[in-house]
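Order of writing sets the chain letters: A, B, C and D. Residues in each chain are counted from 1.
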Amino acid sequence: MLENDRTQPELAQAGAIQSLSAGEYGGWFEYLVRVYPHHTDYGGMVWHGTYLAWMEEARVESLRSIGIEYADWVAQGLELPVVELSIRYHRAVQMGQAVAVRTRMAAGEGVRLLWDYEIRSADGKELYATAQVTLVGVDREKGKIIRQLPPALKDALTRLSAKS
Amino acid sequence: MLENDRTQPELAQAGAIQSLSAGEYGGWFEYLVRVYPHHTDYGGMVWHGTYLAWMEEARVESLRSIGIEYADWVAQGLELPVVELSIRYHRAVQMGQAVAVRTRMAAGEGVRLLWDYEIRSADGKELYATAQVTLVGVDREKGKIIRQLPPALKDALTRLSAKS
Amino acid sequence: MLENDRTQPELAQAGAIQSLSAGEYGGWFEYLVRVYPHHTDYGGMVWHGTYLAWMEEARVESLRSIGIEYADWVAQGLELPVVELSIRYHRAVQMGQAVAVRTRMAAGEGVRLLWDYEIRSADGKELYATAQVTLVGVDREKGKIIRQLPPALKDALTRLSAKS
Amino acid sequence: MLENDRTQPELAQAGAIQSLSAGEYGGWFEYLVRVYPHHTDYGGMVWHGTYLAWMEEARVESLRSIGIEYADWVAQGLELPVVELSIRYHRAVQMGQAVAVRTRMAAGEGVRLLWDYEIRSADGKELYATAQVTLVGVDREKGKIIRQLPPALKDALTRLSAKS
């Protein structure tokens, strides 16, 4: 069950905006971020590791948009750690810019989940980075890869993947 | 002048939501965040340094809400670095929770700007942390504290401070 | 008991260097860091939140220097979260610089541990920041403040505090 | 020319240890880190983005070991941003562990520099992650990729690459 702290009207509205924009971009879920000082490095541009945090946020929000609260699954003993990641930086992003982190679940191969990313300007015209991330289902207590995803999670992910 | 990248409809809407909630809480600007994995540490709660990033984001958004784009001021040679900061952690915040970072400019003493913070549950009922941050105006080129804030900035900050 | 992974000759030597320099500075434990790109922000200087990570590292290493492996205490159910922190930034630190993070346990009041910090240039001549951090002992399972520190920890901390 | 702040005996000694261990591992430069709380996430293991910071630190130290101070090259107008990165996480790393980040410059193709990484337990026996990173030389003022590396940098990198 959800804790009260995790449900509240304002963020539900913010979520609605996110879902709406997601629908507009051919199967991509879109998560908007703005570049703050702590995202940048000495060059005045976004530090290359910052994108991984944004990609994680977009992934968690994409799951939330289909009813999967990642924190709840973790509380119940399932984790989805990153086991593989690749990213190409096409163009630097500077402080103050609004950035659209677009993600979609490309495929689920058993307990391995593949996600594609495009990081673009907020209007979608400029491409800043592309990335792929692979997650795998892990049993937190045993510390081992699970044999298959729980049916409720699998069904939700199938719906998410079908959207893409 | 603003770059195109920095203005786009979706974030303007998100900003509208923020301003609305800000208005409801007696002079506090409210900035909503959600706790993602990268915010936490081994204890499953938010790592104590994460709050500084959230406070910076809330401060930049509070300035944006009154028309001050921090990135533009930086581009024009003015910085507002943190020169003093204190924070009390009242209660731990766990992954998945929605958090309201409330801020208001407490006072401007010449080129020193004092900001108060309250970090609460999204419904405002639980108090997680309280903090104070002092900024100072610095000339980027000279690397020195400025004598007085540019009038346009000073006027905007006076309006912000009056709201509190 | 220590895992094999945590003991190895090179770091023991590095620790020896640290202890040596600590001895030279009147009761301060000294931890040396270098400023890498990810520590900086758009201004080319260290981002103000980075210092909290360095201070945590120095604290953990200070405890290690007296035989307390923080990770082992955590594994046994005790945490020492930060409950209060204040920092003054006297002078910006730029990329590439070597920085000495000096810390000493100022006092232990029951289960509250007060630590002082001075962040200086590696030669000790320039003062970059001063800070105070308060930790408190927490029972991980119960999520509550403990009544008193375990005797082994208390004794070690008393020795550490006496050095200061 | 180097600033005084950047040269001091203790770190020179630490550097000597690093170089020594680098020599022992078949052309790899080895950089030792320890896992502190801020490196971890809710799972008690290192957060997957943390490795990028460690890899950057190892790269900068590898360059320092052959006399290239990255901060000085930046001050003179040359940057080496990451343009491509891939990483495979083989095994999770937990808090308190000592970790060896091994790196070597695999190849320099014009202004593109390819680096290989192996992240291992301090004794070298366990493999935690493998990665590849591509950097490219950029003129800071023009914001453009340079045609060729400055001869002094190219020569030093050729020596580094030959070691591998």
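Definition applied: a residue touches a chain if its C-beta (ideal position, glycine included) is under 8 Å from a C-beta of that chain, and two chains touch if they have at least 3 such contacts.
Note that this is a predicted model, so its numbers are computed, not measured.
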- Message: If you average the CA coordinates per chain, which chain's centre is most distant from that of chain D?
- Response: B
- For the copies chain A and chain B, the interface residues, called same if over half of the numbers are used by both and different if under half, are same
- Query: Between chain B and chain C, what is the gap in Å from one C-alpha centre to the other?
  - Reply: 28
- Item | Length of the line joining the C-alpha centres of chain A and chain B, rounded to whole Å | 25
- Chain centres from averaged Cα atoms put chain A and chain C apart, in whole Å, by 34
- Message: Quick check: what residues of chain A touch more than one other chain, meaning two or more?
- Response: 37-38, 42-43, 45, 49, 52-53, 56, 74, 95
- In the complex, chain C touches chain B at residues 42-43, 45, 48-49, 52-53, 56, 74, 79, 81-89, 92, 140, 143
- Along chain A, where are the residues that touch chain C in the complex? 37-38, 40-45, 47, 49, 95
- Considering the complex alone, what residue numbers of chain A touch chain B? 3-8, 10-11, 13-14, 17, 21, 32, 34-38, 52-53, 56-57, 60-61, 69-72, 74, 94-98, 121-123, 126
